[in-house]
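The following pair of complexes shares a single chain, chain A, combined with chain B in the former and chain C in the latter.
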Partner chain A sequence: MVLPGPLARLVEELSRLPGIGPKTAQRLAFHIVEQPQERVTALANALVEAREQIRTCSVCCNLTDVDPCRLCSDPQRDDALLCVVEGPRDVMALERTREYRGRYHVLRGAISPLDGIGPGELRIRELLDRLQSGEVREVILATDPDPEGEATAMYLSRLLKPLGVKVTRMARGMPVGGSVEYMDEVTLAKAMEGRREIT
Partner chain B sequence: MWGEAVRIEGLELISFRNYTRLALSLPGSLHLFLGGNGQGKTNLLEAIYLVATGRSMRAGRDEEMIRWGAPQAEVRLEAESLRGRYELQVVLTPRGKRAYVNGNWVRRLGELLEYLSAVLFVPDDLHLVKGGPEARRRYLDGQLVQALPAYREALAKFQRILRQRNRLLDRIGQGEGSAGSLEVWDAAFVEEASRVIHRRALAVEALSPLAAEAHQRVAGSKELSLRYRPYFLEETEDEAPTSLDVIRERVEASLREARPLELRRGTSLVGPQRDDLEMTLDGRSARRFASQGEQRTVVLACKIAELELMASYLGEYPVLLLDDVLSELDPVRQAAFVEVAMGRTQTLVTSTEATSLPAGLREQGRSYRVRAGQIQPEEEALRDGSVGG
Partner chain C sequence: MIYHAEGIVLRSQPFGEADRIITLLTRPEGKVRAVARGVRRTRSRLMGSTQLFTYGSYLLVRGRSDLETLSQGEIRESLRRLREDLDLMAYASYACELVDRMMVEREPDEFVFGLVLAVLRQMEAGSPPFGLVRYLELALLDRLGYRPELDGCLRCGKAWSPGNGWGIDGEAGGLICPECGTAPTVRRLSPGAVESLRRMRSLPAERAGVLRFSAETAREVRSALRDLLDARIEGPLKTRAFLESLEAAPWKEANHGRAGSD
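Presenting the complex of A and B:
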């Protein structure tokens, strides 16, 4: 059976999404066109609004709908502590522990020559800008404990230490090869507590 | 009953290679699969190897294992070992593969290696002695990744770092990065490279006497010895260091020394991807001096040693998969091999001709006929009259 044009276009668009193959895309597409009009409109609006309203926080580079983001403008948080992570989902994972009360900086990736990502592709210039004021006393490197995360932490520690700021790395004991976003709250809280100064 | 050994109890294939559908139960310790060329003997062992290790021993791409024209392939295997009974399942689709243990999806394919341990012996292995060093590294890695989870972890990490580093060296060569960006990989490279070398060196220390003993039994003369030779070993050095600290120092020093040349060549020149396993007979290099027959005996001894080493690491014998190799050996070596292996392991043997197998083997085991992706116990095949007398 040849799909009617609009349905084929929907399948095509859906199958561009990560983790969605042609089969799943077809199943979703058929499901969507059987839904009541309001549901589909709500979905379409949610897609467009999310795309329009979500942008990068000009301070921490996290994704946000207000700039600066809520974490950056919250007066209760400690400006002396800055936790550097790879992605927005790592911030969510760390926030779930409810232990950490400092600020964040989101690199939006990790160094990976295989993917064509060098330090220049990460939000490192923004990080350096934040350290200018001298308010930050400790930078906690909380990149993933895999080769790319370690290389990124190594790069940053070499870059930051000459600036005179204390640089720590989240403790080992994080599952090897794991990633921050998938760690449970207890493990994360412990790793944060057990962070060590990089020498 | 025989001693502690992993045992496959049943196997099911759906659209795997030339099998449309196969359900096979494997009671007992010795199974002989007989059939002409291209009937599906190797495919059967490949399916078992796939659920044991997460990959094929021969397919370039996983997709090749899906039966032509079928949307996906599936292998399901039930086994019993020290860790109890379990069911392994691998599903292959054009978009990738998924593994399940007892019906639960396993996030990382490497976890499969925790379950069914297997030693595979194929005609290609007969080049172990004369072939390039990568075959000998593969021989070591094949057993270590199954036996030691920490090794698996270190090797995977090392290979990832090596690829990252090679890409970076390549980019730097094209003027796209600074030499300084290389240094952020150094610490991890040294650490994982050292762990890989350390584990391999220790394993070879344990393998060497096992191989020597097996060789003695099969050949009756000449002493076989195995030595691990890390890339940093000087010509004049006989033994590899086995202390992790010493290995780390050597790797670090070699990395520092090699840097200018690596930058010029655009690729990594140091690391365990350049190591070798040296085999000697009465102190002389088997690679250079062993005769054809001697090489076969050495390979046989190495395979027996592999079986024994894995058994000592795991506390039970792995399954032994012999793809058409017995017929490549003369009766004396066949007999020696059969004597060592049978009775300790569950063994699956394939052969094109029953007559090329050792006489006692067929009486001890169950024979099956493999034909065009169908497998029938020999008695049934005879009864069905497909073979006249």
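Presenting the complex of A and C:
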């Protein structure tokens, strides 16, 4: 069966989303066109508004609707601690532990030579700028304990050590090869507790 | 078809919510790609054996798609230093990308499997990674039908004898003598660089870790092999940029004298 033009276009757009194969895209598309008009309008508006209103925080590089973001402008947080993570979802995961009261810096990725992602593709320049003020006493590297996260941590450690700031690596209370965003709260809290200085 | 295979993880990419697609260089089936389901979940049994650069034993299922399913995996040698040292990670990534790019899927090659394993093992054991990847480059060219001419001039057949004015033509695939070497594609090489290339070829893979070059020879050998490879591989190698960015990293001062590096 040949899909009617508009439906085919919807399938095509949906199948560009991560983790959505052609079959899933078709299933979603057929589901969407059978919904009441107002539901679909709400979905479309949510998509457009999210894209329009979400930007990168000029301080921590996290995604936000206000700049600086709420975590950066919260006076209760400790400016001396800076936790470096790969992505926005890692911030959410760490916030769920309620263990950590410092600030964050979001790299928006990890070094992955095989994917052509080097230090230049990450928000490292912004991190260095933040350290200029001298307020940060400790940088906690909380990248994933997989090869890309480890490479990123090693790279940052070499880059930051000469600046005289203390650099620690979140402890491996977590399985090697895992990913911060999928860890349960207890494991994450333990890992944060047992962080160590990186050599 | 279900089969057991020794393999080396050349690549491991996140796929969907919790899966990974790994590229394995296997001994019996050559390069294959396999999906490892649920491997990014905390308690997955497959997590360890699907780590990049791991040498393991795998149980694979081949269906009708071009993607196998990884059913079981067991680590033989973790080769963990390759993941825990930034420079080694960069070199090992380069080695794996090169193999991935040059090998065709599902074409077994016992020799190449042994070669890659020997190179990664010696890298893990602390041999200079620079020489090991140069060795790998030449050995892959030799094995895969692009054997560069290093015994004499490609054009006139004049036998190599150490002297100035010789060069390498990557496009044509070998040495060019001083008399024939007028084309702009010919890169001049010092006699020492040519001898280094020839010596590399005479070494068995298990001994490639002994290779060391002076800084100047290292640069020449690297450029010569790059010319030869670029004529055979389409598009740039992604890992090369990272290796270069490490060499130019802010914490690297003038350490050109260090054996094996440049």
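Note that the second predicted complex is superposed on the first by the 199 of 199 C-alpha atoms of A that agree within 3 Å, B and C clash if a C-alpha of one lies under 4 Å from a C-alpha of the other, contacts with A are read in each partner's own complex, and residues count from 1 in each chain.
One rule holds for everything that comes next: a contact is a pair of C-beta atoms (placed from the backbone, for glycine too) under 8 Å apart; a residue touches a chain by one contact, two chains touch by 3 or more.
As the structure is a computational prediction, the values presented were derived from the model and not from experiment.
Engineer: Answer with clash or fit: chain B and chain C placed together on chain A by superposition.
Structural biologist: On the superposed model, which is not a single observed complex, chain B and chain C clash.
Engineer: Under the stated touch criterion, which partner chain does A:Leu159 make contact with: chain B (first), chain C (second), both, or neither?
Structural biologist: Second partner only.
Engineer: What is the contact status of A:Gly19 with respect to chain B (first) and chain C (second): first, second, both, or neither?
Structural biologist: Only chain C; A:Gly19 stays clear of chain B.
Engineer: Tell me which partner A:Val2 touches in the superposition: chain B (first), chain C (second), both or neither.
Structural biologist: So A:Val2 meets neither chain B nor chain C here.
Engineer: Let me test your reading of the model: by the given contact rule, A:Pro113 touches which partner, first (chain B), second (chain C), both or neither?
Structural biologist: Both partners, chain B and chain C.
Engineer: Applying the document's definition of touch, where does A:Glu150 land relative to chain B and chain C: first, second, both, or neither?
Structural biologist: both
Engineer: Report the partner of chain A that touches more of its residues: chain B or chain C.
Structural biologist: The partner with more contacted residues on chain A is C.
Engineer: Hey, which part of chain B ends up inside chain C in the overlay, 171-179, 207-215, 279-287 or 315-323?
Structural biologist: Only 171-179 shows clashing C-alpha atoms.
Engineer: Is there a shared patch on chain A that both chain B and chain C touch, and which residues make it up?
Structural biologist: Touching chain B and chain C on chain A: residues 111, 113-114, 118-119, 146-147, 150-151, 154-155, 158, 176-177.
Engineer: Enumerate the contact residues on chain A facing chain B in the complex.
Structural biologist: 21, 111-114, 118-119, 146-148, 150-152, 154-155, 158, 176-177
Engineer: What part of chain C is in contact with chain A in the complex they form?
Structural biologist: That would be residues 11-13, 15-18, 39-43, 47-48, 50-53, 83-86, 89-90, 93-94, 96-97, 238-239, 241-243, 245, 249-251 of chain C.
Engineer: What part of chain A is in contact with chain C in the complex they form?
Structural biologist: Within the complex, chain A contacts chain C at residues 18-19, 111, 113-116, 118-120, 146-147, 150-151, 154-155, 158-159, 162, 174-179, 182-184, 187.
Engineer: Which positions of chain B touch chain A when the two form their complex?
Structural biologist: Spelled out, the residues of chain B in touch with chain A are 95, 153, 156-157, 160-161, 163-165, 167-168, 171, 177, 181, 183-185, 187-188.
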